[in-house]
Amino acid sequence: MTIPVAILGATGYTGAELIRLLDNHPDFEVAHLGAHSQAGKLTADVLPGCAGATGSMTLAAADAVLPDEVELVFTALPHGAAANSVKQALDGGKKVVDLSADFRHQSATTYKAAYGINHPYADLFPEAVYGLTEFARHKVAGARLVANPGCYPTSTLLPLVPLLKAGLLEAGNIIVDSKSGTSGAGRSAKTDLLYCEINESVKAYGLPRHRHVWEMEEWAEAFGGESTQIRFVPHILPMTRGMLTTLHLSGDSVNSWHDILNTAFASEPFVQVLPEGKLPSTAAVKGSNRCDIGIAVLGEQQAVIVSCIDNLIKGAAGQAVQNANIMFGLDETSGLSAHAIWP
Amino acid sequence: MTIPVAILGATGYTGAELIRLLDNHPDFEVAHLGAHSQAGKLTADVLPGCAGATGSMTLAAADAVLPDEVELVFTALPHGAAANSVKQALDGGKKVVDLSADFRHQSATTYKAAYGINHPYADLFPEAVYGLTEFARHKVAGARLVANPGCYPTSTLLPLVPLLKAGLLEAGNIIVDSKSGTSGAGRSAKTDLLYCEINESVKAYGLPRHRHVWEMEEWAEAFGGESTQIRFVPHILPMTRGMLTTLHLSGDSVNSWHDILNTAFASEPFVQVLPEGKLPSTAAVKGSNRCDIGIAVLGEQQAVIVSCIDNLIKGAAGQAVQNANIMFGLDETSGLSAHAIWP
Amino acid sequence: MTIPVAILGATGYTGAELIRLLDNHPDFEVAHLGAHSQAGKLTADVLPGCAGATGSMTLAAADAVLPDEVELVFTALPHGAAANSVKQALDGGKKVVDLSADFRHQSATTYKAAYGINHPYADLFPEAVYGLTEFARHKVAGARLVANPGCYPTSTLLPLVPLLKAGLLEAGNIIVDSKSGTSGAGRSAKTDLLYCEINESVKAYGLPRHRHVWEMEEWAEAFGGESTQIRFVPHILPMTRGMLTTLHLSGDSVNSWHDILNTAFASEPFVQVLPEGKLPSTAAVKGSNRCDIGIAVLGEQQAVIVSCIDNLIKGAAGQAVQNANIMFGLDETSGLSAHAIWP
Amino acid sequence: MTIPVAILGATGYTGAELIRLLDNHPDFEVAHLGAHSQAGKLTADVLPGCAGATGSMTLAAADAVLPDEVELVFTALPHGAAANSVKQALDGGKKVVDLSADFRHQSATTYKAAYGINHPYADLFPEAVYGLTEFARHKVAGARLVANPGCYPTSTLLPLVPLLKAGLLEAGNIIVDSKSGTSGAGRSAKTDLLYCEINESVKAYGLPRHRHVWEMEEWAEAFGGESTQIRFVPHILPMTRGMLTTLHLSGDSVNSWHDILNTAFASEPFVQVLPEGKLPSTAAVKGSNRCDIGIAVLGEQQAVIVSCIDNLIKGAAGQAVQNANIMFGLDETSGLSAHAIWP
C-alpha cells in the first residue's frame, strides 16, 4: 500500500526534484501536482526529463482542492504563498512538509524581520517542527507540520550544533561564507539568472543580512543551547547544483572538534565526517542526500569547517523526503541515496 | 538472493557509473572491483561520492583472480586490455558484459581496421552478442558474452535501424553529426581534457574516420538489412554528460518516418519518440537510461532526426545493466530509471 | 580627429561588445548610446565591466534624436524595430551599419518569408550592402547602409562561397550543422535561457527552417554564382561565446578544396585556413575577429568543413566594426584583433 | 622604437596571457619565447588562438641564451625554476619581471617556510621590488627586478592595506575566503584538473596554510605598517578566469571604511571602489586589469569587503605589464584595458 502525496509548486527546481525522488520511492506515490502558473499543462511538457506516470499527469492550480486520498502534502511554494496552502492542507486532515520559509520561525516578529510581511497563520507556529532531521528526529516523528530547513541553514547548522552543544565555540564570532549553485535562486525568468550572466562569474549577494541569518541564529540557539551571532555572506556560483559552506570558527580545544563531529554523526546515514585535514567537494554529494563535513585546524583557537550538500536534495527535497519518511514511520533512508552521481 | 558481480576498470567514469547503478540495484551486488592503476586503494578515496559498502571496498588489480562467487563481470577497460580479462572471466565460468570495443565486431579484419591491433581472441566473436538491447533482446537473453555498444553507435543506430528496415532511407548518404559531453573522452590526465581547455569551447575531432564508424556501419547493416555508408563527425562539448546526435537523412516517404519510429519503440521502456516537430535535449535524459528521439521533416525527401542519451548510461553503464538484467532473467528495467535528474 | 558614433540597442550582448570594441578603437568614439528599455540609466549600471568614459554615459531612448555630430550609427536592435531607426539615421545624413536582419535581403518577399512581417522601408533595399566583408569589400567602401550578416550565415558562407565559385560543390545537397554559444540567443529574461536550463545540456532548435536559411541561400547564390539548397540545423550549447559550423559537403575534386580555400583567403587578415586535416575550435577564436576553417576529406566526393567564429565578434560586432572601418577609409583591421583571448 | 622582450614559460596560461597583452602593446615587442617542455614547436601550435607574428615564432628552450637585443624578460616559470632564469637575465643586463614566487619574500627563511626549498639567489632579495603596483609605484620605477605578486595576495592586499594604514583593522583577526577560477591552478595534465572533475563542483584546498599566506602577511605589514594574522581559505571554482576574495573584517569606525578605500584609490586607473553596499562580480573584471572592490557594513565593528580580479590579468600578466610600463617610463596603462570582456 503506497501513501498518496501531493506536491504544490511542482514546476520549480525543488518541485522537480521532489517528483524525481518520490517517483523512485517505494512507499509514497505522487497523486496530485499543483503549480502556480502552469496549471492545465502536462507535467512532462513543463519539466524536462519527467517520464512515466508522473510525466503524464496534468498540473492542477496551486490552490486547487486536494484529492481526499492524499495523506501528505509537500509545499514548494514561495514564502507568503505557502502559508495558505499549508493551512488548507492541515484543515483537510493532511500532514504537511513545507519547504518554504513560512513555518521555520518560532515568532511572528522574527518572521516579519526576515521576510518583511505579516504572517497570516502564526498560531500554527507552536506545532510546526523545524525539520533539521539529525537534531529533530523525535519531534518530526509526531508532527503534523514540518518546516523543512533552508539550504544555507542546513549546511551551516549541521556542523555547528555539535560544537555549540560542547560549549567550545566563540559563539559571538561565527563567520559563515557560503557558495551556492544557481538552482538555489529558483526558476524565475530574470535577466540576472540568464546563462550568459551567471556563467564564468561569481558574486556575493544578500548583504548586509540575508534572510537565512535569522533562521540560522534561531536554530543554532535552539539546538545548540547558546545564543550566537553569525556573519553570513552567500555567493552564487556558475554551477547548477551544490552548496559549499565554509565556517571560519574560533574557540577552545580545537583539536577535539574533529572527534566531537565524528561522534555526533557516527550513526547518521546522511552525514559523513571526513578524516581530519581532508576537505569535501560538492561533486562528491551531488545527487545524494549526504552532507560531507571536513575540518582543518588553523591555529591554537582557530579552525575551518567546510560542509557540502546538494542544495536541491539535503538542502531541500531530499531532507523533505527524509522527514516525511519519519512522519509516516518508514525507514528514514527510504527512497534516498547516499551515493553521489559522479561525474 | 543477490547475484555477486565484478567490475573491472572501476575507477574510470564508466566504472563509477556502473558502481552507482549497481549499488541501487535490487538483484546485483558488487562483490569485486578491479582497477588498472589504483589497486590497493579504497574505492571511496578514488571515486568522489562513492559511499556505503562499496565505498569501503579495496580496489583489486585489474587482472587479479576473480572471487569464485562472482557470476557476472562488467569489463570497463580500454580496448585491447579488455579482451584478456573477458577471456579469463569466461574461462572461469562467469558471464561477461564487455563495455570496451573488443567484441563489438564480427570479423578480426574489421576490428583491426578500426583499432589498429590484432585481436587475441577472435575465436570468441561468434558467441559475442552485440547488445544494442532494443534490437538484440532475444540473443542477449542466452548470451555468455555481451558486447555493449559504443555511445555514438547507440545514439545513431536506435533511430536509424527502424528506417533502414522499412527500406526508406537513402542508405549511401547518411550523415551523422554527434555532440558529446567530455566524460566520453575518459579520465586520463591529458592536457587537452583539462577544464580550462574544454570549458567555453567546442571542436570536431576524429576525422576522417572515427573508430565508431565501422561499428555503426556493421550493425546498421546487420540490424537494418541494408549496407550503409555513414559520414560521421563527432564533436566534444563543454559539459560533462550527455550526447546529442543529429542525423541528416534523405529518403522516401519522409512523412511516414515519425510513425515508423513511433511504432518501432511504442513499447520500449527506455526509448521515447517525441511528437513530430519537437526536438529533444540532453538535459531531459541526463541521469536516465532513456534515448529521446525527435524528427523534423525538411523537404520532400529530407528529414532531420535528433537523438539524445546520457553517454554514461544508455551509452555505457545503463545499457550494460539493461543487458545484464536480461542475461539473468530479471526485469529489464531493474535498477534503471527513465526519469532524468533535472536540473 | 575621432569619428563620433552612436550605438542603438546598446544594452544587449551585441551592443555591449560594440561598446567594448569601439572603446578600444583609435578612430571611432562612442558619442551616443540608445537602449530600448533602460533609458535614463548609467551604462556602467546596466553593462557589467563597462568602465571609463563610456561607462559614465547615460543611456538615451532607442528612438531619441541623434546628436548632430554623430556620423555613423550602429543599430543592434531587434529586427522590425531596427528598420525605423535605420531610416531615421539615414535621413539625418548619417551612415549606418545595421546588425539586425532588416536589410539583409534583396526582396520584401524573402524578408516576409523569413520574418513574417511586412518591411516598412523596402525601398532602401537596393542601396543596402550585405557586409560579408571578405566578399563585399568594394561595395562596403561606398555604402551609406551596410547590412551586417547574421552569425550563422557568416560562419557558413565564408568557407562555402569559394567552393561555389569554383563550381565544385553539389549545390543542391549542402548540409550545415551549427553549434552556437548561448549569447547568440540574446539577453531576454526567458525561462529557457536561464543558467540551470542551458548548463549541462545541448539541443537543436529552429526546425524545419530557421530564419537564417533564406539569408544563407540568397547570398550563397549572389556571391557564389550558383543556386543552392541548404539543410540547416542550429544547436545551442552550454557556453557563452563561440560558434562552430560543420558543413557536410559533396562535390568534385575534393582534394583540391583545401587549396581553393587557402588561395581564397591567403591575404585575409581575419580568415585562417588550417593545414589540411587539422580542425578548429571555438576557443582559438574567442575574443578575436577571426574565422578559422578546417577541412577533412572523407571520401572520393565527400568532405567536411568546419568553421569557427566568435559569434559576438566576427558574427556580429567585430564584422560591423570591420565594415565601418572600410566605410570610413580606415585600416580594415583597426580596433580589431586576430589574437584570441585564451584560456 | 619598440622594446624587445622575452617571455620564459610562454606556454602556460599566464605565459599565453602575457603574449596576448604584449601583442597588443604599442611599445613592447615579443622577441623571444622560451618554454620548458615545448621547445622547437611553433607557438601557434601550442597556444590556441595565438595569431600573427608571435604565433609563427618557434619556442626556444626555457634556459636558452637570450638574444642580445632583449631588454626585458618576463619569467612565468614555476617557483624554484624561475630563480635561475632571473639570475641569468640580470647577469645579461636585462630587466626582469618575475611572475613566480621566487623573489616575493624578503628573507630566505620565509621563502623556505612557504616553499620548502632553499633559495639559490637570496642575495638578490634586497634589490627585488614587490610589484603590487598601487603601493610600490616609485620603487618599481627604478627597479631592475620586480617580483610580481600572487593572485590571492593581490586581491587581498589591495583593499586591506588602506585600512591597515588607517589603523582601524583588528589586525590579528583577518579572515580571507577566496574563490578562484581554475586557470589559477595552471596547465599541468593532472587528473584533478580535468574538465569532468572541476565542472559542477567547488572545493576548498590548501589548508591549513596555503603558500600565499606568508606573502600576504609579509606585505600587509610592509605596506600597512601593522603585523597581521590572516586566516586564509582558498577555493577552486568551475570557471576558467576570475577571482573573488571575501574579507571578513573587524575593527573600528567601520562606517568610514568606504571613504578610506574610495580616497585611497580615487586616482587609480585599475582599482574601482563601488558605491557602498554594492558588491562586485568577477564577470565585470574578466579580460580587464581592474580590481573591483565592494564593502558592506554588517555591524558596529564588522564589515565584509569583496574584491574581484581576473586572476590572469591583474592577478598575473596584466600587473606584470603594468609594472613593466613603469620600469620603462611608459604610460602605466599602456596596452592594458579597464574595460571587461562581457559576456
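We call the chains A, B, C and D, going by the order they appear; numbering starts again at 1 in every chain.
The rule is short, and it goes like this: a contact is a pair of C-beta atoms (placed from the backbone, for glycine too) under 8 Å apart; a residue touches a chain by one contact, two chains touch by 3 or more.
Please read all numbers here as calculations on a predicted model, not as lab measurements.
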| item | value |
| --- | --- |
| Contact-richer chain pair [C-D vs A-C] | C-D |
| Identity of the chain that, by mean CA position, is farthest from chain A | C |
| Centroid spacing, where centroids are CA-atom means, of chain A and chain D in whole angstrom | 39 |
| Inter-chain centre distance, chain A versus chain C - centres from mean C-alpha coordinates, in Å | 45 |
| Whole-Å gap between the CA centroids of chain C and chain D | 36 |
| Residues of chain B touching at least two other chains | 13, 48, 183, 196-197, 199-200, 238-241, 281, 283, 286, 343 |
| Residue ranges of chain A in contact with chain C within the complex | 13, 48, 182-183, 187-191, 193-200, 238-240 |
| Residues of chain A defined as touching chain D within the complex | 175, 177, 179, 181, 196-197, 199-205, 207-209, 229, 231, 233, 235, 237-242, 244, 246, 248, 277, 279-283, 286, 294, 296-299, 302, 304, 306, 343 |
| Residue numbers on chain A that touch chain B, as the complex places them | 13, 16, 20, 23-24, 47-52, 54, 183, 200, 240-241, 272, 281, 283-288, 290, 337-343 |
